[in-house]
Amino acid sequence: MITVAVLGAAGRMGTHVVNAVGAAPDLELVAALDHSDDVAQAARAGAQVAVDFTVPTATEANVHALIDLGINAVVGTTGWTEESLLRVEEHLRERPELGVLIAPNFALSAVLSMRFAAAAARYFESVEVVELHHPDKVDAPSGTAVHTARGIAAARAAAGIAASPDATTHDPDGARGAVIDGVHVHAVRLRGLVAHEEVLLGNPGEQLTIRTDSFDRVSFMPGVLLGVREVVRRPGLAVGLDSYMDL
Amino acid sequence: MITVAVLGAAGRMGTHVVNAVGAAPDLELVAALDHSDDVAQAARAGAQVAVDFTVPTATEANVHALIDLGINAVVGTTGWTEESLLRVEEHLRERPELGVLIAPNFALSAVLSMRFAAAAARYFESVEVVELHHPDKVDAPSGTAVHTARGIAAARAAAGIAASPDATTHDPDGARGAVIDGVHVHAVRLRGLVAHEEVLLGNPGEQLTIRTDSFDRVSFMPGVLLGVREVVRRPGLAVGLDSYMDL
Amino acid sequence: MITVAVLGAAGRMGTHVVNAVGAAPDLELVAALDHSDDVAQAARAGAQVAVDFTVPTATEANVHALIDLGINAVVGTTGWTEESLLRVEEHLRERPELGVLIAPNFALSAVLSMRFAAAAARYFESVEVVELHHPDKVDAPSGTAVHTARGIAAARAAAGIAASPDATTHDPDGARGAVIDGVHVHAVRLRGLVAHEEVLLGNPGEQLTIRTDSFDRVSFMPGVLLGVREVVRRPGLAVGLDSYMDL
Amino acid sequence: MITVAVLGAAGRMGTHVVNAVGAAPDLELVAALDHSDDVAQAARAGAQVAVDFTVPTATEANVHALIDLGINAVVGTTGWTEESLLRVEEHLRERPELGVLIAPNFALSAVLSMRFAAAAARYFESVEVVELHHPDKVDAPSGTAVHTARGIAAARAAAGIAASPDATTHDPDGARGAVIDGVHVHAVRLRGLVAHEEVLLGNPGEQLTIRTDSFDRVSFMPGVLLGVREVVRRPGLAVGLDSYMDL
């Protein structure tokens, strides 16, 4: 049984984490803390792991406090920079038995999709990305699609693969979409959708499609629980949930 | 048994038509004419129907010659204008027993998809079009996608439907694609593909997707044969294969 | 402004209908009645239309009471037989100005999908149905998939179309799925899904796919509101939402 | 420049390999041998690599002959058993500088799809496989689908994952399809299709879909060329194209 504290337990994600930990037979929820609560309560409650879904302005201080308290940390809060990650890595050297996971995305399908897309990208002549979201989204393309395209572009560059072929000479209205690091990205906005992404890879005579559909925030919970179960046996700093996955 | 002549029988489409007519148990190929052959040969061979896949500069003269010869016509050649259609309609008044079908597209899946998309468009809050083709195509979006978008837009306008919702305020790279008569159209180019199109329609909590895949020119043959079988019992001018379909 | 009463307003569907009517600018909610309330309250509140999402044992009596009260009815409750429909039809002859819509399915995407599948079925050599649902569903295939397959089979029979080709001689584990009126139907059960269906139609070189995704019960509301708006100007009994749609 | 001989050059696959090698700027075709030709001709022509697409009765002898001749081998012919693979492995110990690749499938999309499906399988509650082929296929499900399902099942067993949830109690017509090592597999047969497969993985609120489409035998060529380029720098026996891919 792993004992778990949730920081930011009253937030949208925190509420889901509290429920998911409570429902898992191998985990025990020992503390559900609000933004204003003292992180030391997690230690007094006997938590081995703390899950942080607080706010960008609080998360780094929380992690350092958790390390001092001897508690492993799983962090979904955004706002981490290269510098702040380095400070955590350095701090962890004092406590080599502790693990910290900082992950921008806990949706397993999205994490796997990006990983598979990058792995496959060098083996196909063509690759494009189509993301589809609800029509209330204000930015296009989605951050995940940009991240996916950059991962694909980096993998192709490392393998010395040329740009995807494209004979288009006449596209007066911009139907070919955005080009992110050389990869075409298309953004669909449709009532009824939540968050979806397709990576299309093509060779002569064959196509590989990797599609993710996220219907609900509850989809992040299997990834959060995976992080909790793994962080206790993976000392050191890990960035990205896929670093805990056997792929 | 319906007797059939093929005009432009040596062309890419004509060759397929010759084979398809030859393989159909209820049709008999009686003449396979080249561009330079005299259309009157079709009459001498006893053709009830002539299928014209010649060239834009010849097709109108061919149709008028066929009407004079008392032969029904199924025409897949492009280049027809409103004026040239009116001239055929007028000519047919002299021969009220004859039928002429002029169709820009004989792929049943594409014809049905456009028809269904237009019929469904007024019942959904959102609609977008994604077309996907091989990367040697020089124009984007495809003519079929433009035609599809216009049919959708016209159906929505006729029903007084507002534009699809879209909160996008930040799209620096054009990921939202082309806008054709108010309908977003996206063009994917991928090695291995031939010609594909998806119409996506969305309401709160539901989505309807209509997708067509064309892998081969042979896909036009069921539509051509449908035209041949129907033109002999549908006097007058028909434009578009769907005018012969019970939908 | 159309005035609306909801019968079964406290039920799962009724709650959604109350909210949807309340949010529609051209509709006014004048009564929200529970199962035990007297239907006459709808008349006293001045309702032009009553929406019935009650229970199979109550719905027929409700409709006859509404007809006597001079109120149009939109009915989503199940349990109607051929005989009970005939009794409503007969009763309506006394009140030729009233309309009654009885619909088993208000999801526009599902209604359209079934209609389009039946319309397209005669134009393709092959057709199969794949339905996908959450894994807590106890029956397979879904009632909607059976209904879809039967509509397809009836359309093909009416047009004299042969069975879909199938050379399978070795299928020891039943991978080819169920056969409903000659149409193969496959049932997928997957955590995370709600209710989805694909109709696949194939000819040499081409494919047409019609897919519906229902993510939420809210998806029935556009169909219910369509029924409310149309029933006031469509006297007589209508069965199936598609009878009110211009397709 | 890598020099290449093709064994079985006149066969369906061999013809494609001859063309693909001829078109690759970094490869040189030095010998195109028929089934009856002496393999030693490949050595006399100076081949560094031989590609074997012959017949099951000849392929093992060919590989041993190639090893004796000091030529690396890329083998797509089927019929290999555990014992015949062991004999090649043993023979290669005498020539530790040589590489042999024996691969049942050279379609990159299929190889990647099976690998990704197996890698992802342990992270999802549900997984099912849908394969779609032309209607002239006599067996169901396809060998690739069986292989995919077994890989998924093995990965889940190794990770101690329970069976996919399924509440089905009523399925009189077998709509739930085949069950291969506990994984449901569905087989669709549709005119116009070639060879396609979808792996569907589901968690609460999310879905991951991995789809491959093979339209043409030419789709095997990128995989064959990858094998040729890698075998010269990967001594020893490799089974499966994915053993040469950085995934």
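Letters A, B, C and D name the chains as they come in the text, with residue numbers starting at 1 for each one.
In this text, a residue touches a chain if its C-beta (ideal position, glycine included) is under 8 Å from a C-beta of that chain, and two chains touch if they have at least 3 such contacts.
Computed from a predicted model, the values in this text were never measured in an experiment.
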Pair exhibiting more inter-chain C-beta contacts, B-D or A-D: A-D
Relative orientation of copies subunit C and subunit D, as a Cα rotation angle in degrees, nearest 5: 180
Copies subunit B and subunit C touch via same or different residues, half shared test: same
Chain whose average C-alpha position is farthest from subunit C's own: D
Centroid spacing, where centroids are CA-atom means, of subunit C and subunit D in whole angstrom: 46
Inter-chain centre distance, subunit A versus subunit D - centres from mean C-alpha coordinates, in Å: 32
Whole-Å separation of chain centres (CA-atom averages), subunit B against subunit D: 40
Junction residues of subunit D - those touching two or more other chains: 124-125, 192, 201, 203-207, 213, 215, 219
Subunit C-touching residues of subunit D, taken from the complex the two chains share: 124-128, 130-132, 135-141, 145, 164-180, 184-193, 200-207
Of all residues in subunit A, those that touch subunit C in their complex: 192, 194, 213, 215, 219
Contacting residues of subunit B [partner subunit C, same complex]: 107-110, 112-113, 116, 119-120, 122-125, 201, 203-219, 221-222, 226, 245-247
